[in-house]
Amino acid sequence: MSHNTFGHLFRVTTWGESHGPALGCVVDGCPPGIRFTLAEIQAWLDKRKPGQSRFVTQRREDDLVKVLSGVMLDDDGETMITTGTPVSMLIENTDQRSKDYGEIARRYRPGHADYAYDVKYGIRDYRGGGRSSARETAARVAAGGLARKVVPGLTVRAALVQIGKHRIDRNNWDWGTVNDNPFFAPDPAIVPVWEEYLDSIRKAGSSVGAVVEVVAEGVPAGIGAPIYGKLDQDIASLLMSINAVKGVEIGEGFGAAELTGEDNADEMRMGNDGNPIFLSNHAGGILGGISTGQPVVARFAIKPTSSILTERRSIDADGNNVDVRTKGRHDPCVGIRAVPIGEAMVACAIADHYLRDRGQTGRLK
Amino acid sequence: MSHNTFGHLFRVTTWGESHGPALGCVVDGCPPGIRFTLAEIQAWLDKRKPGQSRFVTQRREDDLVKVLSGVMLDDDGETMITTGTPVSMLIENTDQRSKDYGEIARRYRPGHADYAYDVKYGIRDYRGGGRSSARETAARVAAGGLARKVVPGLTVRAALVQIGKHRIDRNNWDWGTVNDNPFFAPDPAIVPVWEEYLDSIRKAGSSVGAVVEVVAEGVPAGIGAPIYGKLDQDIASLLMSINAVKGVEIGEGFGAAELTGEDNADEMRMGNDGNPIFLSNHAGGILGGISTGQPVVARFAIKPTSSILTERRSIDADGNNVDVRTKGRHDPCVGIRAVPIGEAMVACAIADHYLRDRGQTGRLK
Amino acid sequence: MSHNTFGHLFRVTTWGESHGPALGCVVDGCPPGIRFTLAEIQAWLDKRKPGQSRFVTQRREDDLVKVLSGVMLDDDGETMITTGTPVSMLIENTDQRSKDYGEIARRYRPGHADYAYDVKYGIRDYRGGGRSSARETAARVAAGGLARKVVPGLTVRAALVQIGKHRIDRNNWDWGTVNDNPFFAPDPAIVPVWEEYLDSIRKAGSSVGAVVEVVAEGVPAGIGAPIYGKLDQDIASLLMSINAVKGVEIGEGFGAAELTGEDNADEMRMGNDGNPIFLSNHAGGILGGISTGQPVVARFAIKPTSSILTERRSIDADGNNVDVRTKGRHDPCVGIRAVPIGEAMVACAIADHYLRDRGQTGRLK
Amino acid sequence: MSHNTFGHLFRVTTWGESHGPALGCVVDGCPPGIRFTLAEIQAWLDKRKPGQSRFVTQRREDDLVKVLSGVMLDDDGETMITTGTPVSMLIENTDQRSKDYGEIARRYRPGHADYAYDVKYGIRDYRGGGRSSARETAARVAAGGLARKVVPGLTVRAALVQIGKHRIDRNNWDWGTVNDNPFFAPDPAIVPVWEEYLDSIRKAGSSVGAVVEVVAEGVPAGIGAPIYGKLDQDIASLLMSINAVKGVEIGEGFGAAELTGEDNADEMRMGNDGNPIFLSNHAGGILGGISTGQPVVARFAIKPTSSILTERRSIDADGNNVDVRTKGRHDPCVGIRAVPIGEAMVACAIADHYLRDRGQTGRLK
C-alpha cells in the first residue's frame, strides 16, 4: 500500500489506523518562516471532530494534535515558526472499542472496502475500518491547517449544499451562517428541513449522501500548470481521495454539459483599477489548469455510509453467504464532517501549486 | 511548465504543440513482450481524428503515428514486440494554418486559457492554442493504445450519453451501435435528435457541452490502493486533465448524494462458480480505491468550446477592452472527440495500477 | 525543505530534529504479511546507538523505537504482521543538552551546513545540528530493519575498511569478527592499530575520516533498471545522502579506472547445477543497472566531523569574523556509526527495486 | 523498464536505442523565456560525437539535433525562445550496421548488461547494445545544453584527469588547453603520455578506464536541500547513471577518509566586498546538501568498455559455455567521450535544484 503521500513540493504523508495508538502526518516542503499556533491547527481539527451533534457519529475523540518537528518556538512561547524541515504532527487515538468490530473480522460489509482489501492484501485491519477509516482524515485536516498559512491572503471555506434530495437555495447563500448550524449549511432556511430529514434517517439506522462546495478566495492568478499538472486536476484528485467521494466538479461542473459556448465562457473587461475583471465565473477560477485570480470553486458528492443497521446480503472470507448489519457509532450523513476535509484538500492543492511557482523556500519573491 | 507526465510505473510523457513540426509521447514502463501492430494503435487515433463528420472540426490531419523506439519487429515484419524500453511515438502536424490565429496573438479569447498562460509564463504559443490545443490528446490516445495491451482481457469502451440537455435513454443502451453513428451514441434513438440539435448549433457558430461515459471490463479485482493512490482518484485526475472537462463521476457519482445506504451499497452473494457476485454496481467497480472485479464506470462532463463565432467581450495583452470572435475550424461539440480520449485515460490508469501490483516487468505472475 | 522521502514503491519519509520531542519515519509501501518483532528492529538501532565505546560520541540516547501503525499483533503477542499500510516508527529524544549549543546559534561552524542552511532558509535550528544532525539516521536504520525483511533470503552486512590512512588487510577479511570490536572491523589485526590511532585523535579533540564497505548477498538477479533507475545509481544516491559522505563506489569503483577491459570484465561459465557462475566480481553485482545475482558491493567515504576542539576561522550571521571551537560530545570518527546506516540504505534500495519488479503487494510471486 | 526520467522540476526523459530510427529526449520544466540557438545545443553534441580522433569509436554519426516543440522562433529566425512547454529534441540514427551484432544476439558479452537484461526482461535489443548503448547519452547532452541556460551565470566544464594509471599533474591545470587535445586533458604535458598509452591499448584491441572531473562555477549559494534531496546526492545519482561509471566523488571524495577535521573543514572569512570567502574547497562547494557558492566539484570513474577483441569466457542464452570476442567499432577509452556527458549531468542537477528554489516559471525572482 504505497502512495500515502500527495503533493509535489508541499508533500503530505499520512499514516495510522483508527485502532492503533495514534495517527498523524508528515508535512514535507512547508517553507521556512511560516508562523502559526497549535490552537490554530486544533481549531480545524475541532471542526472535523466527531460527537458534536446528534447528526454525526457519537464516537468520542479529543483529536488533540501535537507538533513533533519542523518548528522553533518564538519568544512568546506559543507561536511556532517553521524551519523548512518536515513538520510531523501526531494525534493519539483515545476511544477505541475494538469489541464493536469483532464479529465483522471475517465478514465483508457491503459497500465497504473489506472485500477489496482482502483480495489485494490478503490481510486486513478490520478494527474500525483500519486504514480506510474516516479517522485518517484528521491528519489531512492538520496538514490543511498548515497549507492555509503557506499562501498569503488565501481563504478556503466550504459548505454543505445538498443532503439527499434536499438542496440549499443559492439565493440565500450566507457564509456568516455556516458555523451557526450543525450542518455547515450556508442557507439558514434549509436547516430545519435537514434536521427533520436526518432525524428520520438516524432513527431508522440508515444513512444518506450529500454534496459539499468548497470556495477558495485569494488564489493568485497564474498557479497551476497545463496538461497533467492542472490545478483543477489536483483538486479533483485530492477530493476524490476522500473516503466515500464519488464525484467532483469544478465551476459549472456537469452543468457545463448543458450550456452553449456563449453561456459558459466568462467574458472579461479591464477594471477601473487597471486589473482585469471577469464578468462571471462559470470556469470556477481555473482555465487551462491555471488559476485566473477568480475564486476557485469545487464541489464533491459523498455517498451514504454503508454502515447501517438494516441487514444486507453479503459473503464472508470463507465464501459463505451471510447477512450483515453494521453496529457501532456511525454517521447518518458523513457528508457533514467532510466539509473541513474538503477545505483541507483544496488548501493543500493550492499551497502545492503556489510553491511550484514560487519555489521551495518561498523566500525568493 | 513541468508535469507533462502521468503514471507511476506506466508513465506517459506527452509533448508538442498543434503548430510545431510534430507532437508525440514517450511511454515509459511498458512491460517487455507486449505484442501489437501499428495498425492497432492507428485505429484508436483514427477514431479521434478530426474531419470525420460535419459535427467535428474540419481541420484535416492524417494523424499517422510512428513508433521510434522500444520495440523489435517480429518475424512477420509487422508485429511489434516491446522490449521494456521507452516507446516513443510521434505524429507529424500536417495541416497548420497559422494565419488563422494571427489576430488573436495578443487577444485573450474568453473561456480559453490565453490570459492564464500569459499571467503564468509571460509568453504564449498562440498558434492553434499551443500546448493547450486538443491536438495534445492525440498523444494520449496513442499511449492508451499500448495501455490496453498491458492488462490481459481488458476492454475499455466509451459512449456519449448527453449533448446539451439531450440525454440518451439508458434502457436503449447498445454497445453495438456506438460506432455506427458520428456521435458514439449507444442509443440509436438519440441520433436524429442530436443531429438536428448540433446542426443548429453548428450553423449558429456556437458550441455545446456533453457527457461521456467510460466502462472498463476485465479489470482484475485488487488493483488500486487506499488513500492517495486510489484507482478512482487516478481516473478522476486523468479525466479532469482532458481539455474542457469540468466534472468527473465514478459509479453513481453525484447521484449517490440522493441515495440512502440501503440503496447505494452493492450487496454480494457467492456465485455458483465459487466466485463472489455483486448484485448491483452503484460503486462503479471500485471500493476504498481498489477494484472489485466489477466493471469500472466513470463519467465526465465537457464544457462547450469557447471558440465561437459570436463576439464576446474581453481584453488584450495591453490591457485594452476588445471584442473577440474566434474564427477557425472548431468543434460544435468537443465532447464527441473526447470519447476515445476518455477511453485512453481510463486504460492508462488501469495499466498503471495493474503494474503497481504485478511489478515492472509483468513477467513475474 | 521538501524531499525527505526516498524510494519509489518502498518509500521512506523521515522527520525530526535532534532536539525536538522525537524523530521518526514512515515506511510506505511495505508489503502485507511481513513478520517481525520490535526486538529485531531495535537490534539495528542499538548497533547505531551512541555511547557504546570511547571512540564514538558519549551522548546518551536509548533510541527505543515504537511502531505506531501498519501492523497487527500475531497471537503470540510479540510478532508484528504488516498489513500493507504505512508503518510509522517513532524514537523519542531523551538526552538533549541545548545549552551546549547556545553560543553557536549565530556562528557558522566551518565544515558544517550552518552557513548553507542560513542562506537557503533564513532560519536554522541550531540545536544539535537540527535536521542535519546524525540523529536523523536513527530513522533510516529503523526503516532498514523493515527493508531487510522484504526480500526473502537477503543479507546486508557492512564493515569499516579504512580509518585515516590505516586500511584493513583484505586477505584477513572475516565477517565473524565484525561485531567483536568497537569499529566493525573485519580484520582483527587492524583493531589495535585503530585503537591507538583514534585514542590520539580523540585526546587531541580532533576527528578523522573513514571508509565503509557494504555487501548484500541474496539479491535476486534481474532487479534494478537501466538508465535512470539503475540499482547502483539508487545505492549511490542513498549512500551519498548520509551525512558527511563524500564518495561512493560500486565494485571496483575508482580502481576500475586503472584496469583494462580484460582485467575488469567478469567472465562467466555454466555451473554444474545449471546456473551461471561469474568467475570474478569486479562489477560489484550490478551490470547495466541490473543485479546479476552476485553479491552487491558498495563502498563510501565519510569525511571527518567538523566538530573539533581546535579553533577555526569563520564568520557569524552578522558578517563578523569569528573563531569557532565546537564543544559538545562528538565522534572522533563518525565513520564507525555509519556502518549500520550504510547497511540500512543498501537494504532500502534493494527492497525498493525488488518491489518494482514483484509489485506493490508482493503477493504475486 | 520504467524510470527513464530524472529531475523534479527540470525533468528529462530520454528514449531510443542505437539501432532504431532515432533517439531523443523530452525536457519538461524548462522555464519560459530561455533563449538559445540550435547551434549552441549542437556544439555540445559535437563534443560528444564519435569519430573525432583515433582514440574513440570510428562509428560515424552526425548527431544532428532537431527541436520539435516547446519553442517559438524570435524575429531573427534563429533564436529559439522557450514557452515553458516540453522541449522535445530528436536525433536520427544514421550509421547502423546491425550485421556487426548478429552473432552476439544470443551470447552474453562478459562485462556487458546482456545477461542482466535477459534475466530481467526475457527479451533484449541486442543491436548495438540497445537501450544501454552509449548513444543514449547524446540525448543527455542535448538536455544539458538547455540546462546550462536555465541558471544565469552558470559555467559547467569537465576534464579528463586520469587514464589507466596515468594521472594529470594538478599543478599544470589549465582550462584553456582542454579543447586543444583529443582527450579533454587540462594538462598539456600528459597528452603525449596518453597518446602513446592509448595507441598501445587500441592496437591490442583492448580498453582502459578513466576518471573525469566536473567543475561548476556560478552556482548560487543556497540551492540543494538537506537529507534526501541533497545537491551532491543528485549529482552522484546522475553521474552514476552514466554507462560504465563505477564511482563518484564530491570535493575531496575518498581522500576525505584520510584527513582530519582540521584539514578537511573549509574555514571562512568575510571578504572585503562584504561577502563570505571560503579559504579552501575541500567540500566541493556543497555542505549539508546545499551549495555554498563555491565551485561545485565532482569526479567520476569510468570502467574500461568490455567490448574488446580478446576472447573471453562466457555463456549463451541456451546455457552453453562460449568464448566471446566483441567486434565492432568501439572506444579504447570510453572515458574521453564521457567528459561532455558528465558536464551535462551536473548542469541538469543544478538546473533542477535552481528551479526547486526559484519555482517552475523562473519568472518570480
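Note that the chains are named A, B, C and D in the order they appear, and that numbering of residues resets to 1 at the start of each chain.
By our rule, a contact is a pair of C-beta atoms (placed from the backbone, for glycine too) under 8 Å apart; a residue touches a chain by one contact, two chains touch by 3 or more.
What you are looking at is a predicted structure, and each value in this text was computed from that prediction instead of being measured.
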{"item": "Selected pair, greater C-beta contact count between B-C and C-D", "value": "C-D"}
{"item": "Farthest chain relative to subunit D (centres taken as mean CA coordinates)", "value": "A"}
{"item": "Candidate from C-D, B-D or A-D with the same interface as A-B, over half of contact pairs in common", "value": "C-D"}
{"item": "Chain centre separation in whole Å, for subunit C relative to subunit B (CA means)", "value": "45"}
{"item": "Centre-to-centre distance between subunit C and subunit A (centres being mean Cα positions), rounded to whole Å", "value": "38"}
{"item": "Centre-of-Cα separation between subunit D and subunit C, whole angstrom", "value": "27"}
{"item": "Residues of subunit D engaged with two or more neighbouring chains", "value": "1-5, 8-9, 14, 85, 120, 131, 222, 225-226, 355-357, 360-361"}
{"item": "Subunit C residues touching subunit A - in the complex, by the definition given at the top", "value": "1-5, 9-11, 13-17, 20-24, 26, 28-29, 32-33, 66, 68-70, 72, 81, 83-88, 90, 120-125, 130-131, 355, 360-361, 363"}
{"item": "Touching residues (chain side subunit D, partner subunit A) in the complex", "value": "8-9, 85, 222, 225-226, 355-361, 364-365"}
{"item": "Subunit A residues touching subunit B - in the complex, by the definition given at the top", "value": "1-6, 8, 14, 108, 110-113, 115-117, 119-120, 131-132, 136, 162-165, 201, 206-211, 221-230, 232-234, 236-238, 240-241, 243, 246-270, 274, 276, 279, 282-284, 286-293, 301-308, 310, 312-315, 319-321, 335, 356-357"}
